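Each of the next two complexes has subunit A plus one more chain, namely subunit B in the first and subunit C in the second.
Take a look at the complex of A and B:
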């Protein structure tokens, strides 16, 4: 079968000593940032982006991907032991994970989280390997009109899936789009919103936005919280779960993996959405929902599986359509472009080593993570004791180094501070930054494809309804929007997000 | 930078100092071209990391370090579509420690961007380092896949605006070549701006756009896969990878704007330093690692010494002045 020969190619690339080393490095850093509050995978990847300039593209992407799914593992550790999720996707794990820890079952919670993550990671990787080639075959046929419709669908999904009020999410998407449109317009070469600054004519660098909004702003908001970290217990027992616990958690892992795999593919979905949705599902199907919030193992197994499955499958839109479905994937896209790889359906055929090597490395990375997170858990726990007064300045310093080295200009550092203040304001106003980021990335693509489609049709807008795929996607987007504004569904949606 | 890369610096530094020592001994008897930098060197590249310009610089710098005896650090300065970088190169200290990598835009920018003050006379040239051709390609199984270049151009003349031609922005090299093809053949295309050559290739594969005049590195993979068909190129010599593809000039069509890249220094750099660097560049370009690196990255090898490069640049300025006037290019 094709799939197996492809995976064999992938493994031969992924197990080369140098790639294995970068995979190990990536997942270790990922675990670290997953555990530590104040810094997430987007900011970390942005910081490490400049050092990938000198690397082979395969090694670079393997490392960056490792940071992403590594953070999903690490996030659960802090959530369970300290009720301190280092990652937004681990927020929901605090509900039952921390309660388990308080009852002295921290070992069980940690091991189920790790095993669930590994199982889901395997499922996600297999799905990616199986479906990406099929999707890529379809995607090659996509013209500008199809891309435009797909992005409309994606942005609508991002708005509907975001946690706050719809109008707020919509405003964030539009605001993000406006920022994305800064720079020279490709059709007329006229500068837009640049205020005469030559630094802006090439557009706002994604790394600047990511490090400002997700790096420095996160530190600012974290500074408001008092430094309060109480470790429930120093002794961890039951790291190898008994059969009964595993059997109780297994169905939740399965459901979480399935749900996470689907939500990961959706634009704007991603890991956080997956973990929240999985928790809601687990609570729904449980025979005794009252146990949730008081240390139910399913409440850990489901979300932790879901976020890791989503982390794997969110690579599908990027690698097949060339469209990043969330901020981390936008970061991956930047990394690919820096290495002269245009993300899209041709990646698989043009660079099979890269494509399959990356996929195989994800599975290996998941394996490494189980080892890192179970036997070596003690090391990570110790890291949680690094005081903020050392941790936060260090993160800000690394942010600045990363910012400066992308384009070797100080302008970017100051510009990132502007975005940090913006991000802080967003946090105060309880506006989500993820829709903003998606608007920032997809907005320019949306505009470009809309104008190209209109140019090619000689100004006839009927292309969007006469091309069947376009019509289908736009119809879907309209339906999604309609459903979201129906009052009963709106209420349900609010409930689902209020679990946390 | 890794430690492995840092270590040889001290050794190189030592040998450079030794060189200076002998130079002093020889006291004027030494050739001017023996000058070598005694500190790490900066190479300014007018584009972001990734892409042809940056790749070219990285390959070149890695080999040139060997002959210069110093580490060469690449500084990417993509602001203002290269204008900021070209201004920086102009104002750099003439101490032989800052090199600029320029492309044909040092002479074409003045005709299309407001406030540009550099032209062919602004810089001292070290030599040409590469040349890339634009190859006219169509989708192999598309409506024009069975045609040769004459038939294709005849079709474009017969039905103006029917053939969508992808260009990477207004008055980029792709676009100038489109204009030259139209001028020479009377064809009229529907010009479709698309960000970057690889995106144009994607649009061609989907059937959105029908043709493009792209660099060999951009089309290499799809040509080998049989998805794109090459009709003609704008080079003066046969293409390295595909010697069978005819040139436009062989059909009597004046489509000949090759893109070249060269190294420059500020105009007031002392002659001794320039001679030293020209010698280093000549040695670098003769190194087989350059050709191998270029071939892997799909960059066209070409080398001219300083005098010939100055002539190349001067000729290009005349050509771009002429074509910009004909095309009615307005400054933005």
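Take a look at the complex of A and C:
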């Protein structure tokens, strides 16, 4: 079967010493930022992106991907031990994980979270390997009009499925697109919105936007609240779970993996929604839902499996269609573009080493993570004791050095300050920044495809309804928007995000 | 009226209208072209108008349900930490090329460190450790091109 020969190619790339090293580095950094609150995978990837310029593209992507799924593992540690989720995807784990820790079962919770994550990561990776080629086959036949419609659908779905107020999220996407258009126009080479600054004619750097809106703005928000951290216990026992616990958690892991795999593929879905949805499902199917919130192992096993499965499958839309489904994938996309790889169906055929190498590395990375997270848990726990007041100046400094090294100019640092202020204001006004980021990266491509589609149709906009696939996707997008504004469903949507 | 101005959705709407208008004003200077052959101004104008309309919609939406679920008046910006952190970054950017990474790092870490109360000695130690770390890791090990010390050293 093709799948196995592909995976064999992938593993031969992934196990090369240099790639293994970058995979290890990526997942270690990922675990670290997952554990530490106040810095997320998007900001970390943006910070490290400049140092990947010199690397081989495969190694660069392997490392960046490792940060993402590594953070899913790390996120559970803080959630269980401190009721302090390092990542939004681990928020739901605090409910039962922390309760288990208070009852002296922190070891069980941590090990089940790690084992569930590994199992789900394996499932997610296999699904990615199996389904990506099929989707890519469909996508190669896409023309400009289809791509335009697909991007619209992806963006709309991302907004509808995100948690913030709808109108604001919609405005953020469009605003993000406008910022994405800054720089020389490809067709006419007219400099747009650059105010005569030569630094801007190549466009606003993605790293600047990501670090300003996510890295620095997050720090400003965190500094408003005085920190409180209480470690439940120093002694961790029961890190190797007995069969009874594992048997109890296994069905939840299975359900979580399945649910997470599906939700990960959806635009805007991703890890956070997967973990929340899985918790809701576990509560529904439980014979005794009253245990939830008081240390139910299923409440840890399900969501932790789901978020990791989703982390793997969210690569599917990016690698097959060239559409990033969430902020982290937008980051991955910009990394690919920097290395001159156009994300999309052609990646698989043009650079099979990269495609299959990345997939194989994800499974290896998951294996490394289990080892990193179980026996070495003591080291990570100690890290949780580093106070934020020492941590945040370091993060700001690393952001600045990262910003400078993108183009060896201090201009980008000033520009990031502007985006940080903007991001701080957005946070205050409850405007989500992930839609902005998606709009920012898709804006130029949207314009390009719209132009090409209109040129080919001789200025007739009806192509978008006469081509069946276009019509279908745009219809779906309109339907999603409509559903989101209907009051009853809107209430449901709000409830789903407030579960717990 | 003042109460309304503190409503997050109204403020967000205003922000979108202002930014959208700015983009619209600038893109008015670019050739729009036709639907068939779009000029550099076509798509930006379209998007700017969408942002402005969405901003207006939010203001109307917020005014319509004046007892909105989002409590007004919770918008307390914490200026001190924001100014210290962003000011520290600006200092870093200003100092880096002429005075070098070491001094720029010290300035940044001290400025940012003042954003949280107390522990002056701890900030100083953190600053020195981070300056040494970034010089060794970023410049020596990773080879990032930046001066370490002031010119002439």
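The definition used in the following text is that the second predicted complex is superposed on the first by the 497 of 500 C-alpha atoms of A that agree within 3 Å, B and C clash if a C-alpha of one lies under 4 Å from a C-alpha of the other, contacts with A are read in each partner's own complex, and residues count from 1 in each chain.
One rule holds in what follows: contacts are C-beta pairs under 8 Å (C-beta built on N, C-alpha and C of every residue); 3 or more make two chains touch, one makes a residue touch a chain.
In this text the structure is predicted, and so the values were computed from the model without any measurement.
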> Which partner, once the models are overlaid, touches more of subunit A's residues, subunit C or subunit B?
Replying inline: C
>> After the superposition on A, what does A:408 contact: first (subunit B), second (subunit C), both or neither?
In response: both
>> Quick check for you: in the superposed arrangement, does A:187 touch first (subunit B), second (subunit C), both or neither?
In response: both
>> Looking at A:420, would you say it contacts subunit B, subunit C, both, or neither? Reply first, second, both or neither.
In response: second
>> Looking at A:337 after the superposition, I want to know if it touches subunit B, subunit C, both of them or none. Which is it: first, second, both, neither?
In response: first
> With the two structures laid over each other on chain A, which partner does A:254 touch: subunit B (first), subunit C (second), both, or neither?
Replying inline: neither
>> Need the overlap of the two footprints on subunit A, from subunit B and from subunit C, as residue ranges.
In response: 187-188, 190, 408, 455, 458
> Can you list the subunit A residues touching subunit B in their complex?
Replying inline: 53-54, 140-144, 146, 184, 186-191, 198-199, 201-202, 322, 337-340, 342, 344-346, 349-350, 406-409, 448, 452, 455-456, 458
> Which of the residues in subunit B come into contact with subunit A in the complex?
Replying inline: 1-2, 48-51, 55, 75-81, 83-84, 161, 164, 169-171, 190, 192-196, 198-199, 201-203, 205-209, 221-222, 225, 332
>> Under the definition above, what is the set of subunit C residues touching subunit A in their complex?
In response: 8-9, 11-12, 15-16, 19-20, 23, 26-27, 30-31, 34-40, 43-44, 47-48, 50-51, 54-55, 57-58, 61, 70, 75, 77-78, 81-82, 85-86, 88-90, 92-94, 96-97, 101, 105, 108-109, 112-113, 115-116, 119, 122-123, 126-127, 130, 134, 138, 142, 144-146
>> Which stretch or stretches of subunit A touch subunit C in the complex?
In response: 50-51, 165, 167-168, 170-171, 174-175, 177-178, 181, 185, 187-188, 190, 192-193, 216, 219-220, 223-224, 389-390, 392-394, 396-401, 404-405, 408, 410, 413-414, 416-417, 420-421, 424-425, 428-431, 443, 446-447, 450-451, 454-455, 458-459, 461
